[in-house]
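Naming follows writing order (A, B, C and D), and every chain is counted from residue 1.
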């Protein structure tokens, strides 16, 4: 199943208007379509929608979407049947065929190839608002079994490892895996899971990351700025983590590096290296290590979670 | 008459809606007030309006405004009477006392101290639009007698010279004069005059200058981009020159330097130095040396112009 | 032959010291190795060298290097034998196996997989100099038969088309083709060829492009700034074109977009669209359409060139 | 005594080589002159040196320098005699006449007008290193009597208030005062004093602030990054606070606003407003409120300090 890249995320939100005020109003996402209880948004570089918000009784993540190549859907279907994992074919606005399945770790994946192309607006700079959200970049999920999930996503789904965090005993605490040629399409972080840690969008440049923080502050929403702006040690990217009105964590992210070489040596980080989380040595708030969004299974029930095998927090936490 | 800084400009425009679409819609100026046939705008840092657009039968400049200190108006009035130059006291929206006068070179100056302060919006980043226009920075006027005007503005109005352009024979082609502590509040450029060459607004950083060009291009208005983005040799500032719908030239400008030292040695530029106009050696379009906006006298009649004493164009022109 | 990305370029230069003063001294390339008459350089993100400068009697391009995957070299060798194109196996510093071949259009290609990895310096920010050269991004070559070359590179080498320029009669004037997931690894431009038009390096952000222009201007080398800084219509990237001391053209480039989707629709540009070359409508100097670097064949003899099938220049040229 | 602007600072450092490695090596200050046990540095925009480092047995601040106008020195001398404060005339490298005096609060001030002008290097971009230090911007001093010192510096030295922090009972905790036309030349902060809190240099743009943090991190000196990068609520400037090898605190600062209007209303901040210290709501490390550099009197003895009248720390401290 040739996965091309992360493609979209579908979030359950409690108040669609409040969520749109955040994503469209403050962050400048383009709202492309609205239906009863759902909204479809995209960044300025994207030709397909990448964020679906669905009005729901509680916050959750319904789907982690990946674009596959032309034969990917068929291969995914064959794999799901062979492995016996729950799966279902669906369609959605602009996406006629989506294969939803729950992987062995409980993550609700959605694979698709076909997508109705929206008009190109990358160079409609006079219409851009906010910090200039360009495209979905990656998903980061909590896992109680990071080592196992990392191997599985490499061997079964063909992801490639770019960076990882180990403790002194060689135990894997976090991994960054890609398909599209930058640092990651998905990352696994040690913690109670399966849950979503965050999803991330690419910004045009580091100044845009600062601008996003300014916009939140201007709107008197500093309580939604959880961490950053800063530069990651891991990935070398500039980042800002925000909490949306339902507590879903979104990262604004830019300026990592090219990873297409088949012989690229993964970068190892020591768990307690002060430059790992933020290159500048900043401490990370404890909430960042603990809070996440629950996942839904194919029947829209909450996926149960378990405690991580590796206990404790890294140093450099406030 | 202690002049504090350039304070505003009043432009005659033929189609107020089209002008607002440009200044407010594309460049993001804040519209603070509208009256029959007139609009008052400001940048995000300003507490007073700085741009007045007036619906009129033809494009022209009605006033070049300067903020003075508390005693400036009285001193200006005394000076105008003593010199016998035309003058008049007016009031406008938010400015109860304006002394308008026509200086000996024909420039329609307007001096004021009192101004109703508008609410501070500098940190309302969620409301900012466009490249982020901050404040009026300077005026640049064509003069057929640059040497004479430069001396007069230094001796009578207290401006201080920061940079100047000379030819090989030591003749002054252009001068930059300030009051507020950066490179200029007013500049004189050799050419048919008196006319306005351009007025300029300060942007937050060089990326904002690029963004302004992107916005014009996005809106399919590349024909209004006359020159730049680039970095000036003179002033060291990043710049972009645009033509508004009436042909008035506005410069977006940022990152010059501090000039408050009384013993600051003025910087001399040779007329044909390729780095003078644009530090990177770019040629300047001929229109930039020739086109300007006519001025109005105190009776709203066009001020007659005369040809410059110094003939010819610099090299490095396209 | 699975090509991963553009990997390096080898230039003949007449004065290695002067070239190093330019590439290392002004642009901040890292010099990693010197041998009798040759120097090996890289950008701060690269783990392999990407620029080889060789002292020679005249300026030329000896090799256009592409990284292939593990089996690529063997496949390339088989293909060269089957097609009967000239080829040779070589080794170089840090690259034990290089397959050099001359393709049917005359371009001297070099394929390699194995490379000795240099230490990671991406986050050694205290050692970075100049605008911050990160990695080689693409090659652009003149071709008298753009249509033919474009098809060949797609069908035989597996490149994918992202953007192209056509005239009103549907004739192809230029094409942009990628492997690594951004706008191009190679581009074909109509003109006397085969010759190199330019090679390009990625910078961290648009401000770095301005900084490169400032550095050249500071060093009194504005004559080596041929075009830009500006934003391309094509690719949406920020750019600056410089001429090195031998007249080789290097582009500094950043901020294009992700192109990994298999169903990405190529962007068509009309030859005389004023926003095509520079989004802001700037004219392009004639030299940019005419001047290029000659190529060497496998015996280090100049590759003969022919005139292009399509005659004339686009509009918007100075 | 017409003070023009803050002009220089003289620091005692324990290891001149280590200090130069920091200021010149990492931050890119230009070293202009060295004598036995002393070094004179400047930013790229300055025509006079602004930082003097003197080898000494312990870290301290020997002089807080202010540029005055032509008559300032004479007026200062008259004032010092009249008030009976300790004073002395000195000369230093490039500054033939310096009036040193200790003000009634114990701050060791130094006034000068004449200065040998160094060559202009602002546009020598090829020689710039580090984040691009441009010019000294301000001094910030701890005072146990902020209210009193603020009034004195306004009334006697002619500084003008731009921003201030009050608690709920209307007690002044901090004040920002300027002469040169931006937010401050000097600020008073409640705390054990008189001591230096920090001195600040202006950078070209917000990206340069990020670059400074990257450089420190690259050199494995994250322990010297005390606070930031961030945007202040107060002053609206982007900032980064570093500790030099002796614990002297330097701020890198850019993008505040113009304050020349005589009727500019000062901005009031509430002590516990989360956006006051960092607009984005970041907490401030406790060290930032407590640590400072001791001052020397005119005999090079430590100036004794006293505890502040206002006890406690603001909220939003880590």
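Points worth noting:
One rule holds for everything that comes next: contacts are C-beta pairs under 8 Å (C-beta built on N, C-alpha and C of every residue); 3 or more make two chains touch, one makes a residue touch a chain.
These are the chains along with the protein names UniProt gives them: A, B, C, D = Catechol 2,3-dioxygenase.
Just so it is clear, the structure is predicted and the values come from calculations on it, not from any experiment.
When each chain is reduced to the average of its Cα atoms, C sits farthest from chain D.
The interface with the greater number of C-beta contacts, when B-D is set against C-D, is B-D. Averaging C-alpha coordinates per chain places the centre of chain B 34 Å away from that of chain D. Per-chain CA centroids place chain C at a distance of 48 Å from chain D.
Across the assembly, chain A contributes residues 123, 205-207, 214, 216-217, 275, 279 that each touch 2 or more other chains. Every residue of chain A that touches chain C in the complex is listed here, in rising order: 4-5, 45, 47, 67, 69-70, 113-115, 117, 120, 122-123, 134-135, 180-181, 204-207, 233, 236, 255, 257-258, 260-265, 267, 275, 279. Here chain D touches chain A in the complex through residues 206-207, 210, 213-214, 216-217, 222-223, 225, 229-231, 233, 238, 274-275, 279-281, 283, 318, going by the rule given at the top. By the touch criterion given at the top, residues 26, 123-129, 205, 207, 211, 214-219 of chain A touch chain B in their complex.
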